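Consider the two complexes below, in which subunit A is the common component and subunit B and subunit C are the respective partners.
Right after this comes the complex of A and B.
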């Protein structure tokens, strides 16, 4: 029991303070660097440690990563403005409500295989629920309240419109989001994420690899490619990033639901967006990219297809390789997710809803039906 | 999706009330210089009221207290994204009143620089439109292309924006060395930039859905409102001063006038995009035809002599003295001179009483007429559509409020 508690605390600290929050922070800078490269700009290069402002060659800039620190310090030391009209308590509470429920989703994500340290063995997953993804859906719904209350309590017409837009958009896309994943749940027969990951790359009863067409691992991306596209669209809308950023469309609604926010309260909304990107990437990796699996690497070592041979590796080493693989996949997915923002223009509010209800929802339903038919014949 | 693009979701039996929202002047899309008060039902705009005048600086009144040459810096600040066009428009008006014509080389220089300004104007307008629709990357590509032109403008005029390059009866200085080669290579780069921009937006489904069928201005309305330029042409009003009332040497050059069909935002975007190509075509022709010769008329009552002459000959010194103290004595009379500026017909109405100061200057700012029609174009659309519609009429407050 003590062992379980210690493991759980270690895992929580690791996934929260060593993976998600630092990655979300770095993503804020990556987003700026990346956009500057796409757009032929220099990008963030002012923050430096050396104090020599003028000589570019003497600055220690660390690829602009110091901007993360500078922005954080700026946000924290700005005046913590609280509105005079409107509801102050809800106004203060809303960013917290928007930020933290998303982090709970981290508890169900398997970020590595089974590892053994000092004779104590554990699965690298904080909590294993049978309800699995349902918990993720439930907690991502709670974030809607934060946005809605932020828009409503600000007593600002732009905030109100932004809040209304965000609410209807997030509610609409939750339906689509759930339905796009139904195919995955049907194929792997479970909602529990670790079981899904194991199902994506497993050995048959006779010890041979369970592969698609003899060489493809049974990852979600190969079994449900169409659902993957729908999921990316729906999840982008759910995280309110471009081209679905109508709730904060800066040219229309100034800053949407967080127009009346300043200092770290606004910082929390901005940070929540990047934390959501990380969580989205984790779920995407888990469901569609084989989670922590390296292709052809099983618990006992590599088993290559077409009988090309095999290589046995220490199981604990495999566990750590898998953990690093998971992080690498998450980073790549998050990076790809950021590119979308700088490529596409923004939808209009009603077009977003029309896309969700009239196109993505029927397509997701069709995907479920086709998957069901195919599954019934196998 | 485009046929029901204008229909917004109806609240049905639910009881709704309208809300009044002030867009601007402190609003990201309103440039800080205009206010649109809108009554909305949900997201649908029921009524709108455009309030202008936030950038009124009294250009017309100021011009009455300046000598003709001194007015040029003020014209830079009318449409500040295409300063050359205003410069040359005013110069042409005064020249008409004087009854003189600028030397042939000057006229070609004016065409070339004017078209460069037209390109910067259209790049800015289309770029801003893309940015306000969330396309920040194509916007920066457009600004990058514009920057190339600003570099060469700086070489010619010494300033990027406030060029103050034209003079009555000529231009201030000759073109720099290697101007032709540099400009041609820049135009080649710009054509590459335009390819990038067009690849990102022109056939982009989101972009088309945001623009098509919205902010419609019919041809009849365009004529009734007095709208000219790209906005009028996008509505099908086939009128371009360069072709219909040629000035400078436009009648010797071969170019097409793009005409839109639907008069919606997408047409206005495409018309501007095509006008950039036509301007490049005009510049290339004019560079081939550019003759050698003087760049100013040789009349000492209009153009200041060389500094060397001023210091060494009594006639030139007198001419200099008279020009500085009295200014150019323009014969009494009045003139309405109009040119095709970035936004349409830019008119200068000048009344002269024979002194060195204009008695009255009145500008016909093309985007004033565009802005008049704005409420009709945005009523019935949603809040999100105000932004591209407002962007597509290219309201430049310096010109609008004067």
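Right after this comes the complex of A and C.
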């Protein structure tokens, strides 16, 4: 019992303070640098610790990560503006409600395989619920309240419009989000994420790898490619980033639901956006990219397809390799998500809803039906 | 009377455009190409890091004025008022004083240019018969805190001064020969 509690605390601290929050922070800088690289600019490169050095290349810039620090200091020391009209309590509470429920989703994500340290063995997943993804859906819907209340309590037309847009968009896409993943749940027969990950790359009863066509691991992306495309669209809409950033819409609504926010409260909204990107990447990796699995690497070591041989590796080492693999996959997916954001222009508000209800929803339903028919014949 | 309308043909979407995803992937391909080309060796980037790197102006750029000197370090200006006359903005003020030299006769006791009034047309440079005023510093007028600071006196105009070897008032020997 004590062992379980200690492991849980270690896992919570690790996934929160060593993975998600630093990664979300780094993404704020990466987003700006990446956008500038895509748009043929140079981007922010001024923050440095070397003081009065004229030569740009000789400044200590730490890969631009100091901008994160500079941003934090700036946000904290800005005026913490509290509105004179509107509901101040809800106004203060909304950023918290928008930021923290998303972090709860981290508890169900398996970020590595089974590791053994000092004779104590554990799965690298904070909590293993049978409800699994339902918890993720539940808490991502709570985040909608934060946005809506922020827009509503600000007593500002732009904020209200942003809040209303966010509500209708996120509610519509939550339906699609749930339905696109039904195919995955039907194939792996569970909602629990660690079981899904193990189902994506496992050994058969006789010890041979369970592969698709003899060489492809049974990852979600290979079994449900269509659901993957729909999920990317729906999840991008859930994170409220371009091309689905109608709630924020700088060109129309100043800055949407957080127009009336300043200082660290606004910082929380911005940070929540990147935290959502990280969480989206984690869920995407878990469901579609085989989670923490390296292709052909099983608990006992590599087993290559077509009988090309095998290589046995220490199981604990495998656990750590899998953890690093998971992080690498998350980083790559997050990077790709940012590329989408800097490639596509914004959908119009009515186009967003039409896409959600008239295109993605029927396609998701069709995907479920086809998956069900195929599964009934296997 | 019926107005003549223009028939606008609607864009016919191809299959890949209707499906969104192929076109999105194409667009992402462009983004990724630019990303890697720029991150590896700044292939498309044209940004100038301003305070450290500066764009060099054209050779004939008309910048801040300066006054030129002779070999002995005295001001070349003979207070002929040509520049002040030519100036369309009337930003040059000159007070002359006697030198007591038969060749030069006059010199500028006060030479003031109001850089806020100046329109940088360069007519003063063209008008000057003695090559005393030039606009070839290649610099902007620096920002100041007060309007008074923009009124450049002789001292300030001589800061970037250089020696001009142009023969003043024509060839001096010419006068003596005739």
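In this text, the second predicted complex is superposed on the first by the 376 of 378 C-alpha atoms of A that agree within 3 Å, B and C clash if a C-alpha of one lies under 4 Å from a C-alpha of the other, contacts with A are read in each partner's own complex, and residues count from 1 in each chain.
In this text, a residue touches a chain if its C-beta (ideal position, glycine included) is under 8 Å from a C-beta of that chain, and two chains touch if they have at least 3 such contacts.
Since the structure is predicted, the reported quantities are computational estimates derived from the model, not experimental observations.
Participant: For A:353, is the partner it touches subunit B (first), subunit C (second), both, or none of the two (neither)?
Facilitator: A:353: touches subunit B, not subunit C.
Participant: What is the contact status of A:55 with respect to subunit B (first) and subunit C (second): first, second, both, or neither?
Facilitator: Once the two structures are laid over each other on A, A:55 reaches subunit C alone.
Participant: Looking at A:138, would you say it contacts subunit B, subunit C, both, or neither? Reply first, second, both or neither.
Facilitator: In the superposition, A:138 contacts neither subunit B nor subunit C.
Participant: Quick check on the superposed pair: does A:63 touch subunit B, subunit C, both, or neither? Answer first, second, both or neither.
Facilitator: neither
Participant: Report for A:254: first if it touches subunit B alone, second if subunit C alone, otherwise both or neither.
Facilitator: After superposition on chain A, A:254 lies in contact with subunit B alone.
Participant: Looking at the overlay, does A:242 come into contact with subunit B only (first), subunit C only (second), both, or neither?
Facilitator: first
Participant: Once the shared chain is lined up, is A:10 touching subunit B (first), subunit C (second), both, or neither of them?
Facilitator: A:10 contacts neither subunit B nor subunit C.
Participant: Where does A:37 make contact in the superposed view: on subunit B (first), on subunit C (second), on both, or on neither?
Facilitator: It touches subunit C, and subunit B stays clear.
Participant: Please determine whether it is subunit B or subunit C that touches the greater number of subunit A residues.
Facilitator: The partner that reaches more residues of subunit A in the superposed model: B.
Participant: Of the partners subunit B and subunit C, which touch A:369 in the superposed model: first, second, both, neither?
Facilitator: In the superposed model, A:369 contacts neither subunit B nor subunit C.
Participant: In the superposed arrangement, what residues of subunit A touch both subunit B and subunit C?
Facilitator: 38-41, 342-344
Participant: Spell out the part of subunit C that touches subunit A in their complex, as residue ranges.
Facilitator: Spelled out, the residues of subunit C in touch with subunit A are 21, 24, 27-28, 30-32, 34-35, 38-39, 42, 44-47, 49, 52.
Participant: Report the residues of subunit B in contact with subunit A in the complex, numbered from low to high.
Facilitator: Subunit B reaches subunit A through residues 1, 8-9, 19, 21, 27-29, 43, 130-137, 140-141, 144, 200-201, 204, 206-207, 209-210, 382-387.
Participant: Touching residues of subunit A toward subunit C in the complex: what are they?
Facilitator: Spelled out, the residues of subunit A in touch with subunit C are 34, 37-42, 54-56, 229, 336, 339-340, 342-344.
Participant: Considering only the defined contacts, which subunit A positions touch subunit B in the complex?
Facilitator: That would be residues 35, 38-41, 157-158, 161, 242-243, 245-246, 249-254, 342-351, 353-354 of subunit A.
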